[in-house]
Amino acid sequence: MKDATVRKVCVVITARPSYARIKTVLESIRDHPRLELQLIVGASALLERFGPVIDVIRKDGFEPNAVVYMVVEGENLVTTAKSTGLGMVELATIFDNLKPDIVVSIADRYETIATALAASYLNIPVCHVQGGEVTGSIDEKVRHAVTKISNVHCVANTMAAERVIRMGEDPDTVFITGCPSIDLASRVVAQGQNGFNPFAKYGGVGSAFNMEKGYLVVMQHPVTTEYKNSEHQIEETLEAIRTLGYPTFWFWPNVDAGSDRISKSIRRFRELHHIPFIHFFKNLTPEDFLRLLVGSKCLVGNSSVGIREASFLGVPVVNIGTRQERRDRGANVIDVIYDKKLIQDAIQRHLHNGRYQCETLYGDGKAGPRIANLLSEVPLRIEKCISY
Amino acid sequence: MKDATVRKVCVVITARPSYARIKTVLESIRDHPRLELQLIVGASALLERFGPVIDVIRKDGFEPNAVVYMVVEGENLVTTAKSTGLGMVELATIFDNLKPDIVVSIADRYETIATALAASYLNIPVCHVQGGEVTGSIDEKVRHAVTKISNVHCVANTMAAERVIRMGEDPDTVFITGCPSIDLASRVVAQGQNGFNPFAKYGGVGSAFNMEKGYLVVMQHPVTTEYKNSEHQIEETLEAIRTLGYPTFWFWPNVDAGSDRISKSIRRFRELHHIPFIHFFKNLTPEDFLRLLVGSKCLVGNSSVGIREASFLGVPVVNIGTRQERRDRGANVIDVIYDKKLIQDAIQRHLHNGRYQCETLYGDGKAGPRIANLLSEVPLRIEKCISY
Amino acid sequence: MKDATVRKVCVVITARPSYARIKTVLESIRDHPRLELQLIVGASALLERFGPVIDVIRKDGFEPNAVVYMVVEGENLVTTAKSTGLGMVELATIFDNLKPDIVVSIADRYETIATALAASYLNIPVCHVQGGEVTGSIDEKVRHAVTKISNVHCVANTMAAERVIRMGEDPDTVFITGCPSIDLASRVVAQGQNGFNPFAKYGGVGSAFNMEKGYLVVMQHPVTTEYKNSEHQIEETLEAIRTLGYPTFWFWPNVDAGSDRISKSIRRFRELHHIPFIHFFKNLTPEDFLRLLVGSKCLVGNSSVGIREASFLGVPVVNIGTRQERRDRGANVIDVIYDKKLIQDAIQRHLHNGRYQCETLYGDGKAGPRIANLLSEVPLRIEKCISY
Amino acid sequence: MKDATVRKVCVVITARPSYARIKTVLESIRDHPRLELQLIVGASALLERFGPVIDVIRKDGFEPNAVVYMVVEGENLVTTAKSTGLGMVELATIFDNLKPDIVVSIADRYETIATALAASYLNIPVCHVQGGEVTGSIDEKVRHAVTKISNVHCVANTMAAERVIRMGEDPDTVFITGCPSIDLASRVVAQGQNGFNPFAKYGGVGSAFNMEKGYLVVMQHPVTTEYKNSEHQIEETLEAIRTLGYPTFWFWPNVDAGSDRISKSIRRFRELHHIPFIHFFKNLTPEDFLRLLVGSKCLVGNSSVGIREASFLGVPVVNIGTRQERRDRGANVIDVIYDKKLIQDAIQRHLHNGRYQCETLYGDGKAGPRIANLLSEVPLRIEKCISY
């Protein structure tokens, strides 16, 4: 019989970046003597056109307790709302059957609030990872709403902790653990490249090139509140990269309002132009992505990886547009608007200057075990009240 | 053709108390030259066993643009979560078809966050009424989460305004309008009783009594985080009232986790005891309820009406248990725990002391037109960012 | 490791009568060496106001693999449709996680078609129990639609088999197993009464009476296509029973469009009239219900039990209205319309004549093991084509 | 005020082919003095990656009363089941708000049964178009299940009528109207080509060619019960067409389990091979597709258009695989298995022989007005009973 002091911790993985951000936490929960991991995999983590993350998860040795399709097709504003609702309906049933002692909810996606709300209404305490950060857009509304619903807060740094507390959360429930995404970055640095060859391992679309001579990485997602401009936004980047003619790894966007438009623009661009120096990937394991990143000359786009992991890794970043607008950032980031000329200039500046120093702005690489320990010890309360 | 400067304001009514709280706003929107009212009626406002509020709404001259069943049966924690999800799915479709310019979301129920989240993901600005209040329990989590999602805040008083701003909302979006529920109370006072006879008008169950000689009103809802104790909680009150033997109007509880248990306890109590001095009602029009309240010697239970409207009306209140725990309250409230003796004593103290003075703690009775004006003028923005 | 030749059989129980009808099949599956039982309990089987069947199921030693709330509250036509849809959404997820080799779907309720459709779209073969029967009303549409979706048909008798085959099903997939509901009846007869005292065991509402002197059993459900007349329909029966003044056990109706109206009428009737000779029950175990039935002088109402089990048991039945209209029936049934006088006369006629002979019209009491064997051997095919 | 004798007819359009099949019915309903058209557009008819049919619908002058996203993303078996459930939930709400007198449900897709079931549970009579046909696969199960739920049957020919009646439907409710898809074909023949230039009008992907010299049309959908073989199935066709080197218009597949696999295979094929003589289209208006078809030398694939419209138009067809397996077909069809050599040979045979004579196997081109008239006159009954 299972020890009564063992806590069942349920984690819901719904997308590529969520898995990358939480992977070391999963490992630490699984390996903790007083924790039992309950894993739910759903939403875009199951969808083939984005490269099913569930395959990666299984390969990493995790077997989900439940899988759940919850994305309503359309990739627009309406269907994002509906996916959130459908996710709540299904997660409520699953939580009711798995009966976890605590649920971990990650970041600020629509599935995050579906997870947090479902658990809250079921009187299951919620631990929120990555609260208190500032980004603008719907993500920020959702992130702070999740903070107000959650009971335990694992934040990246003191700025985030301060914001969570100022929103009225009890300081005793706010913990600066660092962001677990940095753990992976730290591990990848420790391991080195080990002859990693992305062409051989992942295929992808486009011809191979010599990585030794330097390469760029592009990852640009739709901005949900500007999703109607997605075509224009991606085209400026495509133009900039085309003009530079520098070897480039390009990643398909996340599933979100606007990603269809981005994918379509990329496909049209490929049909129109001869761009043999760009190689397209759907999905790498989180480690392999970081391995690619750490070896790159510059990351281009609007991924939060540029703000977070790249800061720890010292990789130069050209951050485009509003998606990461107000995030706390390190010295490695140059911000530009959606303009091919400015994007091009910023990349060239970085190529000229080279790498930056490691900063621990988003964590020191030990968040996973720290959060697992916390989950095994923290008082489990569902009641809370604003502190003012 | 409709004037382009006319704003479509969509209000979602999902329960008896929500309708009472928002009715004067509905009237003011309908009558405003630059506003068009879109009314959605759903959830427990459609359910017969709670007395369908939709009939009252139609009688008041409002014709809903859409009705939507969204309560998953079970009245427990799981089904509350699932009802929230189902509500989001359906409201997203309805909003997408009605295309409102702004959505009004009321208070802190599960339908409130379903409404606010669905609208937010659809990039429709959300006006939240009754934010910034403090109550404890899941309602408080949901209320503050809705604040973090909303774009315009209509709050009851300066304390609420201060809390909303401290949570990081832009002070330019926070308006002290008073709570529209007080408008109805004010109107009922102005109209007087006019020979109102609840027995004749509503029937109900139990024998009639002479209202002239004084009566109590009982309204006690389940506390969702304590729903397993609902039977015990209601039985203490039933015992207290039985012992007093004072003429009493008793109202069935709201649909929520635990209300089945309360209803069952009341039925069993009725079968066991001869209690001819208690008359049971399902649902009165909001005005008639206030009419009944203003004529009563004391309100007993845990309804927010005791904290809010009763404060304006000067009606003595015995507030039981944790449901209204941390709300700002006036001099008219005596707080007691779930204990028949203490409940009985508090009622008797009130019966001895009589009525209190009018307080404008929750509003001055003019919130409806104030909010409608605001909705016609306030800048409609969906973007927002925490202010620190 | 589980033997590859063991088939996983998933049964979905969603209501009191479905459980009664399938119980011996569950037992036989559980005890079969080459079958593994996967049990899902949902819909009204979880709802307290109908007496949660899940408690009975657990007491009988079955532990569900999943429970799922799927009833949208309202008990009207709209919510029945929505419950069917919600059930499909949830059952699809559950089937996808449990991965059964075959799904068993029972009779003709809305959950039946939700179960059968979800399984079919998942390419899981469906075994339908109780197809080919004739009843009229929406149930009949649903029953025959389920036949057209299903791959294996376990029917009650040759008439049913013939109808299934005439609808175009391959005769090789149609098996006359008898209805498993008769198995329980047969078992109860074998066990005898054993001092069964329903008052002591179930409580219920109303005073106890001496069962030795004879009693009636009333079970009358709403007719979904006539649900607006539910009040009138039940009142005629209430009047008839009141006039007779004979000791009576009365059962609350199933959850279905109209059951709220019936429950309300019964409550109102009880408040109006002094009827000490009627005792009300919510839910007995299937065996105890049959025990009560076998000892009764007459069953009154519109339950299919009157047509099916009562025929095997030889219990006289007064069948009211259209609900069982076209079912094949035995000599023990007198059919009447909704008319208090006719109902009263028919009861008196039965009281005068006494019990009937056992008929095996719906089975010989050995359906459970027969169906389990079938499930272990029948070819599992999902493809099928109309036979003409 | 609307005349009480005007019937509200609600039609649900959910996919490209459904719209094509029902368009003349929509026109005839709209133009009928005693009918009012209520149009709902949902599911894949809204999805951009399949070319949103709703744009075509609006251009044709129809304004939907409601649009509804209901496809759960994943394009596999689980999500098809979930989409059906989600569709039922949403359509029930919409029907409840629109209150149609009759609902028209088309063919055999998952949305068809969602439509028919939702309407049935709401006691709205259902008119099913295209019942009684034989095809094999899950579609056939669904089609016949819809027949058993529906109240009025508009079938294509005497064989279909006979099957519907043999399934137990009342012959008085079965009408041989012909299939309305043939109406469009007939109209297109009457109008002639009128200088139709698909390259100019639709763009598409791939270079233009001279249509005067003859061309093929390929339309191959996934077979849901064989969806794991979708890649192989499409590759044989791709190989056959590549070898022939004949100018070809190729259409992307329907949204269904397996269509992602097909799309991916086509994209990979395009990257691998130089195939300038294939031009890819997403979506044409139904008329333009027929215009393209009538001018083609041969239709290749597994679309039902090859069996139905092509028979009326006399266009040669190479029908591949099991999808149309048991349909009644004319002389213009050569059936082959998934084999590049056989596909190639069959095309060459047709190219050599040329066009066929017009057959009215699926209709004479006047179904639209015939069905509209029927809808205005047919007795509206919801009750029905199997006829044996």
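The letters A, B, C and D name the chains in turn, as written, and every chain counts its residues from 1.
Following the convention adopted for this analysis, a contact is a pair of C-beta atoms (placed from the backbone, for glycine too) under 8 Å apart; a residue touches a chain by one contact, two chains touch by 3 or more.
Composition by chain, UniProt nomenclature: A, B, C, D = UDP-N-acetylglucosamine 2-epimerase.
These figures come from a predicted structure and were not determined experimentally.
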| item | value |
| --- | --- |
| B-C or A-C - the one linked by more C-beta pairs in contact | B-C |
| Of all other chains, the one whose Cα centre sits farthest from subunit B | D |
| Subunit B and subunit C: spacing of chain centres that average the CA atoms, whole Å | 41 |
| CA centroid of subunit A to CA centroid of subunit C, Å | 50 |
| Residue list for subunit A, restricted to those that touch at least two other chains | 69, 72, 78-79, 82, 86, 89-90, 93, 96 |
| Touching residues on subunit B, where the partner in the complex is subunit A | 72, 77-82, 84-93, 95-96, 110, 113-114, 117-118, 120-123, 134, 136-138, 140-142, 144-149, 163, 166-168, 225, 326, 382-386, 388 |
| Contact set on subunit B toward subunit C in their complex | 46-49, 69-74, 78-79, 82, 86, 205, 255, 260, 271 |
| Interface residues, subunit C side, partner subunit A - complex | 66-69, 86, 89-90, 93-94, 96-97 |
